[in-house]
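Letters A, B, C and D mark the chains as written, and numbering starts fresh at 1 in each.
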């Protein structure tokens, strides 16, 4: 029964995708939306049934399904095979449930778009690919999903292809992730060589545990996979594609670029955590990159003015948290944060989408304003999402997951080679700073958008079809976190117990002030944000960085000036630095370089080998011409040649 | 009693042959070229005569006669061509001007 | 040396008596048609009597003529080519009613007679006679173009002087050889006791130079393009095919397939290299089709000489099939040119005139392409197999350098052959006016027959491979039966 | 009745019929020759189907054998043998021919009969090449197929067709001469050792050769195949030929003609000279990687759609070379899969490019503009095949590429990494094409265009299905298309039925 359900789980959205694609132009928007929602809905139901079966009875342990052999030959075998364990169960739940909510929302959001069929075809195809990704029990099979989600992401970012900027953004996203894919492919090749021909996750992990891989091999493989994950999850140094990816429709941003696809990297590393646990340097690298990304993302989010870009940078920053957790070995915390992040970030995006839609497609937060009067419901939803993102203590899901990460990071310790060690507290400090900044930037956004004087007028109302998912996501992002709590509050470990009953994370020995600090940082951020942007006469309305680097200092305002120098100026600097975005420039610069180089070569006549061939033929022609000159038509000259030939022949014959 | 040995005949023939060849190469007048050609052919004929004398064989003389006939025929055809060219309005005898065909 | 065996091969006899009859007939009544018909009948008769003595006459070493399989084969090729060329020439001559041209076929016949004499000759004397009969009749033929008389005369004059020079050299060499050995037997001289060692060498080289001139191997080739361009198209075909077959047959007979002098290798290698490269490079820049064919025939001589230089099991097959391929393809090209020339007014020797032929006359263009591809050595033409055999001999008797030269030459050759095909495929800029199309059934038949030979020879070349080469001067070897 | 000669001769005879039908006057429908072609292909498919399914019980590696003396004096015989590799490649050829016939050759109106004749003649040459096991016969067909292809390009191609055709012919023919030298070298070496003059590869495979000689001979073969494949320094002919050829010829060129190079490398380089091939492998693999990167890089800079696809073929063929010389069965199978998938995918892309050219009369991507709005079906197909060409897992190309990379990784991880890096520019060129002619803003003043009709979509849909099946369930093809070893001769099997 259960083995039956897994293929159906994947086939439903795939079928929906095919139907919507083929029916383009023959079915009305409503029907398309229904088909898509039905496809994803059925798989949501199936995934809930599967979870129930897995947790409570008929199926124990891991459910393996092998559909058919893919490539079998001496030295290598791969199958189209799926595996349902608790990690993938969590993931399919997130994917299908959040996916369903977003689809319902999108059915209304995209109702008037002429390309709705293409949109839903891609969305459902994405869901199918994502399910393949999370369910695959063979890493090569996972790679199908891995590339498939990338393709769908490309198609959806460039959905409104009339604007070249959108397609450029789409291609940028695909290229950057493609680099990671190549790394993943190399990692797979390394692993399959080491394990002797199989990429089954179980086999790979067993091989790692048995010591079939040399330590350097493990490190290399982990590094390759890390690069892939970094690219997919837009971490340093690949972060630049994600903000641009906001060119796509908002539901896409919510589903792909916030809730699911970008977390594939996190999922992959969590899946292979045993492998990573053996590669300490890579773990340390993961942690450091995660910490750096979370800080950088937060800082950049602080100076953005585009609503969706703020959310995009915040996604990068939150993914940084997950990578930090993965690096510190607390992969359960990473997955927990992945789940809560999916809830609140989907909520934030969807709400933002609704706001933007009603505000005549205005995305600049400084042109919006005072929206709490015109759209109270959306305000409530956005505030709920924002507080969950900021991790306001106790009442939000984000608090618990972030707390879990923080406590995990505190006790992390890396033994690098040659006596170098890296311990948790500095990373913890960074994460805490990040928590503070998170609250700061998201509430800056909240205050600017919803408080203050009214900006662009709002029109219409949010349809019921859109509100239902918003409501559900509100509930999830507020209450979804209580299943796992810090020991200081309550020794409740449902989530980590769910993932791995044998290894429940508990940090009983940690001091209580850690939790207090973790709870205090968002509150402080909220306070500062209120002071800076929330009051009736806000300190700053301008975006730092966009205006001249030195922001207007209002003299005689004591505290404000202090705030300004303490926070604004460093942010300005940071913003300036991040705006410069060396990597982004480097990437575009390299692209430009390649382009000019190839253009040069082409201007110089196709390619130089062709040129060579042309030169050769020219030489031959020239030789022919020279010979032609010898045949000048004079009979005496010809006779002379004969005489010369005779003499030469005689000389050769006699002298030889 | 042979007045000349075969080698002496050969030397003479070679000299004649060279004279003929040089004539062809340096003279531009077609009539002179035909004459040089005859000299060359006769040099070859002389070799046959000498060789026939050496071996006391009549075949050499036969060849000599054949070569004479050839020389006569060549001269005849050549002169006929020159006459033809004259008739078609090309009075010059300069061989170098006849280079319509080249390249 | 008295008492040559009075042996005359039958074809030679038939052809010479035919010529005499025709000469006598001119005194009776002059008629172009009768003259052509008479010559063709003579040639067909000669073909018919070919088998009469073939292979049964042992080489006693003192006869004037010999009729072995090699001679028979080349004689058949010669007579067949002459027939084809006469067919081409028929209407060409008839086209030109201003002067009575019944001596035109007669001259062809004389040329054929000379070629046959060379092919059958086993003695310097008969060889020399044949060579000169061929040469002198060619002088007459070359000047036979009335449309551009000056060029014709110039060609004849050039041929006269240059072939005179080469004849003189050849004769000088023969004289030396005679002086050394005292015999006119048609084999390379071997140093006798009291002679300086250089003398036979010089004799051989001079004879070789004379033959190279007639074969138009570089650097003795310069006359060929000029003469072929100046001469009428059928005469050019005669020059390119008949005279070359005859002289090559003599060359093979003279040097045989074994006892080659030591210096022979070097000289021939140099000449082959020069010939292939020179011929092909020269052909690259030609705009006249006839000149191009002249240059390409120079190159083909080079290929043939490779086979000649590589004694081995495959040599005989390679030479025979290459001769056949070269003859058929070249004749085919010339037949196509003749067929084309009549229709288009000018004689169709400029490549530019062939532009767009595929659209106006697809049959002609296809035949032409087939022939050119065969010359270039592309299947399904017989030329493909012929070139394959040549390369095979080169590989069997390792001659790396010459093979490299052959490769380069073939690639260059491919370019200019393809260039013609490409030209025929280019759509003409103007729709060509439908000019007076005389029905020329005999040329159409000729082109079809030659095409069939080329294609069938390419697909079933097995029947054409036989070891026909003359035995290397000595007791006659056991020979295969030749298929008529 | 042995089906092998029929397989070769049938297209030829059908071609002649089509030619005759094309020259018929008024009472006969002008598209008769097209119907003749269709009928020929159908019969051919029937025969092939019989060969495929009737001989399943016959367990030996060679499915069919045919032999007939041709030139006994030289030891040449018409030897045709069929194994899994040739069978699958012939299937590929037939599928692509159907694709051409349905989608491309009907557009040819000028001299349609001659066009169809040449088309089928090329096919006959290609099938002969795939079947021949006598080196002379192989060479004969190898040269033979060039001629009709040359005419196709030179007479029906686009603006610069003749230069392209000349280049194509010169390169392939010139390298063919090198192969001829090698063939004869091998035969003569065998002759010198055993005194038997034969061109039979089963016999020749057993010739003991000195290392230097075998290397030399192998290089001669390699050069010819490298030009055809093409490998990077000698690829110069390919972009021009592909760009200038008419659609059907482009499809044949990219889909099958290039495969003859790969086929030759497998059959005549690796299997005839295993030692020399393994010694040469590092260089060949280097060339393969160079081809992958260079082709992809140049492809990224093209504005001409067909040229872009042509350069992408060079890149894909680099994988084939890499796989063949990786020295393992896995790499070989990867190369074969890659050949099949590339044949299907690139052929479809050429058909689409041809359809665009037919409608818009340009191949310049700057002047085409976005077509999705006007022609969603065509654009959707274009998108699919572009994605296949960038190596999307789950489609045929990926299977091949992965196996090749895996086999290469066993030999040299660095090489495999370099080759894998070639997948990044692959994404760049494929998506660049997608975003310039399919998913882009439509050009101003676009005339109303006719989208692909349903029957065209059905044909392309079949190709799509093949690609997906190759990508997701390659197992039967993989086991099916294994080349048979030369140590087991087909005739031996015949004697023991």
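The rule is simple: a residue touches a chain if its C-beta (ideal position, glycine included) is under 8 Å from a C-beta of that chain, and two chains touch if they have at least 3 such contacts.
No experiment lies behind these values; they were computed from the predicted model shown.
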Key: Set of chains adjacent to chain B and to chain C   = A
Key: Between A-D and A-B, the pair with more C-beta contacts   = A-D
Where chain A and chain B are represented by their mean Cα positions, the distance between them in whole Å = 97
Query = Centre to centre, by mean C-alpha position, how many angstrom separate chain B and chain D?
reply = 65
Note = Taking each chain's mean CA coordinate, chain A and chain D are separated, in whole Å, by 39
Message = Using Cα averages as centroids, what's the distance between chain C and chain D in whole Å?
response = 43
Residues of chain A touching at least two other chains = 628, 631, 633, 635, 639, 643
Ask   = chain B: which residues touch two or more other chains?
value = 21, 24, 33, 95, 98-103
Message = I need the residues of chain C touching at least two other chains; which ones are they?
response = 157-158, 161, 165, 169, 225-226, 285, 415
Key: Touch list for chain D against partner chain A, complex   = 167, 232-233, 235-236, 239, 297-298, 300-301, 328-330, 333, 370, 372, 376, 380, 387, 392-394, 399, 402-403, 405-406, 409-410, 413, 416-417, 420-421, 423-424, 427-428, 431-432, 435, 439-441, 472-475, 478
Query = Any idea which chain C residues touch chain A in the complex?
reply = 157-158, 161-162, 165-166, 169, 198, 201-202, 204-206, 208-209, 212-213, 219-220, 222-223, 225-226, 261-263, 266-267, 270, 278, 281-285, 412, 415
Message = So in the complex, the part of chain D that touches chain C is made up of which residues?
response = 70-74, 114, 136, 139-140, 143-144, 146-147, 150-151, 154-155, 162, 165-166, 169-170, 173-174, 177-178, 180-181, 184-185, 187-188, 191, 197
Ask   = Okay, in this complex, where on chain A does chain D touch?
value = 21, 24-25, 68-76, 80, 140, 143-144, 146-148, 151, 154-155, 158, 161-164, 167, 170-171, 174-175, 178-179, 181-182, 185-186, 189-190, 192-193, 594-595, 598-599, 601-602, 606-607, 609-610, 613
Query = Along chain C, where are the residues that touch chain D in the complex?
reply = 313-314, 317, 358, 362, 373, 378-380, 384, 388-389, 391-392, 395-396, 403, 407, 410-411, 414-415, 418-419, 421-422, 425-426, 460-462, 465
